[in-house]
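In order of appearance the chains are A, B, C and D, and numbering begins at 1 in each one.
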Amino acid sequence: MALDKHGIARRIAQELQDGYYVNLGIGIPTLVANYIPAGMNVVLQSENGLLGMGPFPTDDAVDADLINAGKQTVTTLPGSSLFNSAESFAMIRGEHIDLTILGAMEVSEKGDIANWKIPGKMVKGMGGAMDLVASARNIIVAMQHTSKDGQSKLLPECTLPITGLRCVKKIITDLAVLEITPQGFKLLERAPGVSVAEIQKATAGQLIIEGAIPEITV
Amino acid sequence: MALDKHGIARRIAQELQDGYYVNLGIGIPTLVANYIPAGMNVVLQSENGLLGMGPFPTDDAVDADLINAGKQTVTTLPGSSLFNSAESFAMIRGEHIDLTILGAMEVSEKGDIANWKIPGKMVKGMGGAMDLVASARNIIVAMQHTSKDGQSKLLPECTLPITGLRCVKKIITDLAVLEITPQGFKLLERAPGVSVAEIQKATAGQLIIEGAIPEITV
Amino acid sequence: MINKVVPSAQAALHDIFDGATLMLGGFGLCGIPENAIAELIRLEVKNLTCISNNAGVDDFGLGLLLQKRQVKKMIASYVGENAEFERQLLSGELEVDLIPQGTLAERIRAGGAGIPAFFTSAGYGTEVGEGKEAREFNGKMYLLESWLKADFALVKAWKGDTAGNLVYKGTARNFNPLMATAGKITIAEVEELLPAGALDPNQIHTPGIFVQRIFQGQHYEKRIEQRTVSSA
Amino acid sequence: MINKVVPSAQAALHDIFDGATLMLGGFGLCGIPENAIAELIRLEVKNLTCISNNAGVDDFGLGLLLQKRQVKKMIASYVGENAEFERQLLSGELEVDLIPQGTLAERIRAGGAGIPAFFTSAGYGTEVGEGKEAREFNGKMYLLESWLKADFALVKAWKGDTAGNLVYKGTARNFNPLMATAGKITIAEVEELLPAGALDPNQIHTPGIFVQRIFQGQHYEKRIEQRTVSSA
């Protein structure tokens, strides 16, 4: 059975390590914050100027002056810090963030990512995504394996305008965990009950299958 | 009679205007702080990270963590601010300072300045001088007209390594006030009792003398 | 200390002209100069070039200026919350320059800091890099990006003093301190205007040198885009 | 929050190696990492490249490292207070790279911020510009300058917390926050080490992400170079 978005977030949380500074994109990545293993020290950066993002506030503690990059009200934690946008992207561009998790519309087998524009249809802008993908030491993409009309989002080449070249390291979808290798998408894990053949069918780019593929455990 | 260094500082103080942000170099320029006209609001910047430099502290208020660019203990004033060295030079490079006053070893008739190095003899480094002269909107040089051995410091070309090109606007010496013009050093004022001929003799670069030259009043 | 106080938004913005380039602080609706935006609407200045990370929402923030067709060109990084914006853009009524957020922040800082150009890796190999100089440093490709400056920077702070020193609160800081450095004339509105000396010199976010005019703002709405809460 | 505390200078500096590139905060003797310098001397590490605005005085600060001949190369803007430095330089024992102070500050910031190169007007037409790319922007000439990074950045703060957040005092801030961003390993010594949460998140000068190790400093001398006083 394919993972739901909480399942994807739970699986991504397994990629976290103690002491990591992590930037979470909007959408599924945001959910990862809920599944940080107990006792693990992970600090979340929000690129609008907050390091040490805490959970949503209780109703009486909502502060319009304290939001995350998704414009949601949040809180600080003991040890948090606040800073301006240039300092925030100095952290990102200067490779001080250990892990970036973001959504995508397409990923190519070379690790290119497209997630900011559909020509003639949708122009929201790239926000901080281009800076993040150009500089992050480690980038994991969280997304559905296929689009709503069943088209694969894991392609030989991106068809949409690129956000960044050869930057994605790993992809975690509703169907599978894949790693970008020089040969293409290497299948690491499959969702419980999802067959390798189903993943092959949903993957337009080169898929590398070596040996038995274990099931994701979340 | 030639001006002493306090006289030079007093004459420079006449160049200040209400609302000016001013950077004062080490030496004679520092003395200008003592002669800011009463009631005039002038804010002094010290490039090591202080805006709104106050007078020297009283003995019991000395703070090792509060010095100026000359490494002298100073004070803050109501409305002062402290910042790091990159922010300080952002102010300087970004042309937010209205007036820079600094010393020199040589000035050329084109407005070049040399004040950081005597090859083989003295290598103290340029400190912030090159940044200041490259960016200041208005630069006044405070110096003796001649060296200790009587050589003119106002030259057709600098002989020492340059600190900045075509940047000096005005020079105030023990003998005269001069302006840099496309034709050379234009004599504006002379020290009380000092003749135009004496100034001419002490000036190696092109000296422009037009009409009667008034005496400096301080 | 130099006194930068003006009595009102009206006095502060009186010389903003048609065709001016403006920077406006804020991220989403957080930390936007609400009073200055209201005054721009009252002034009916036109053909503005607005530099701001976002474009507000349809009926608040910069969205209000878009509604009134006062904006000729928008320079931003993300405009996803504004349907009117997207309509004007797709119809060609509005010129838009979309810039990676970190590049936007750094270009504004560079404008204030006298750095005409710098290299950044963001956008290399994408549409953003088209027509720009690219260069390799240590095996990685970078784009040359230029500074941004404005005729007026409109910023909003939490506290300010008569000398123009500013302190921001929470994530309402965002682009405000950068833009304060890059305006030919920087106009700051504050929630609380204090006498010089009331703020700790060690804890100033924007030194007064960058601020030409400061005024006490009124009636902050501080609208929240996504009120997300957790149970206690 | 991640805990960055180590028990001592000895624990913090244990892996500094011969030939390392170090950044050391401070302006003159103000804000220098006194404990780290003492530990470098105890460790007897050699052939260091030291990046610091100044070189201390003969018998304090970086001057102590020069005396012991532990420094191979010095990168600084002003070294006028140190006779031993001048002697080693003029005799050719010491390599020296003198850099305009604002360029030095900006190159360090660029190193921390992932900007490999930028243009600045400082030094154009002087020795500093020799061999560097020059380019005109808006009728003015600028030099291309590259980033600076270090194996270790040694910084000194007033207060710090266990998460590595730092607050500086007065003009002891200077180069410290910049260098904190540009060290592969940044080691902070503080006058007062506090639990995470004790510092106001709104008033942090160096966010903890930049600091890998933090320790409580001991016995600060804080020597004053020019004690200038006025009568009350």
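In this section, contacts are C-beta pairs under 8 Å (C-beta built on N, C-alpha and C of every residue); 3 or more make two chains touch, one makes a residue touch a chain.
In this text, all values refer to a predicted model and were calculated from it rather than measured experimentally.
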Any chain that touches chain C and chain B:
D
Through how few touching steps can chain A be joined to chain B?
2
With centres defined by CA atoms only, which chain is the most remote from chain D?
A
Need the CA-centroid distance for the pair chain C / chain D, whole Å please.
32
List the centre-to-centre spacing of chain A and chain C in whole Å, with centres computed as mean CA coordinates.
28
Taking each chain's centre as its mean C-alpha position, how far apart are chain A and chain D in Å?
36
Hunt down the residues of chain A that sit against at least two other chains at once, touch-wise.
82-83, 86, 89, 92-93, 135
Which chain D residues touch at least two other chains?
106, 109, 113-115, 120-121, 168-170, 202
Contacting chain pairs - touch in the sense defined above:
A-C, A-D, B-C, B-D, C-D
Show which residues of chain B lie in contact with chain D when the two form their complex.
46-50, 55-59, 62-74, 82-86, 88-89, 92-93, 117, 120, 122-131, 134-135, 161-165
In the complex, chain C touches chain A at residues 27-31, 53, 76-81, 86, 89-90, 96, 98, 100-106, 108-109, 120-128, 158, 168-178, 205, 222-232
Which stretch or stretches of chain A touch chain D in the complex?
18-19, 21, 41, 43, 45, 51-52, 76-83, 86-87, 89-97, 135
Quick one: which bits of chain C touch chain B in the complex? Just the residue numbers, please.
1-3, 109, 111-115, 161-163, 165, 181, 195-197, 201-202, 204, 207-210
Could you please specify the touching residues of chain D with respect to chain C in the complex?
106, 110, 113-121, 135, 137-138, 140, 142, 146, 167-170, 202-203
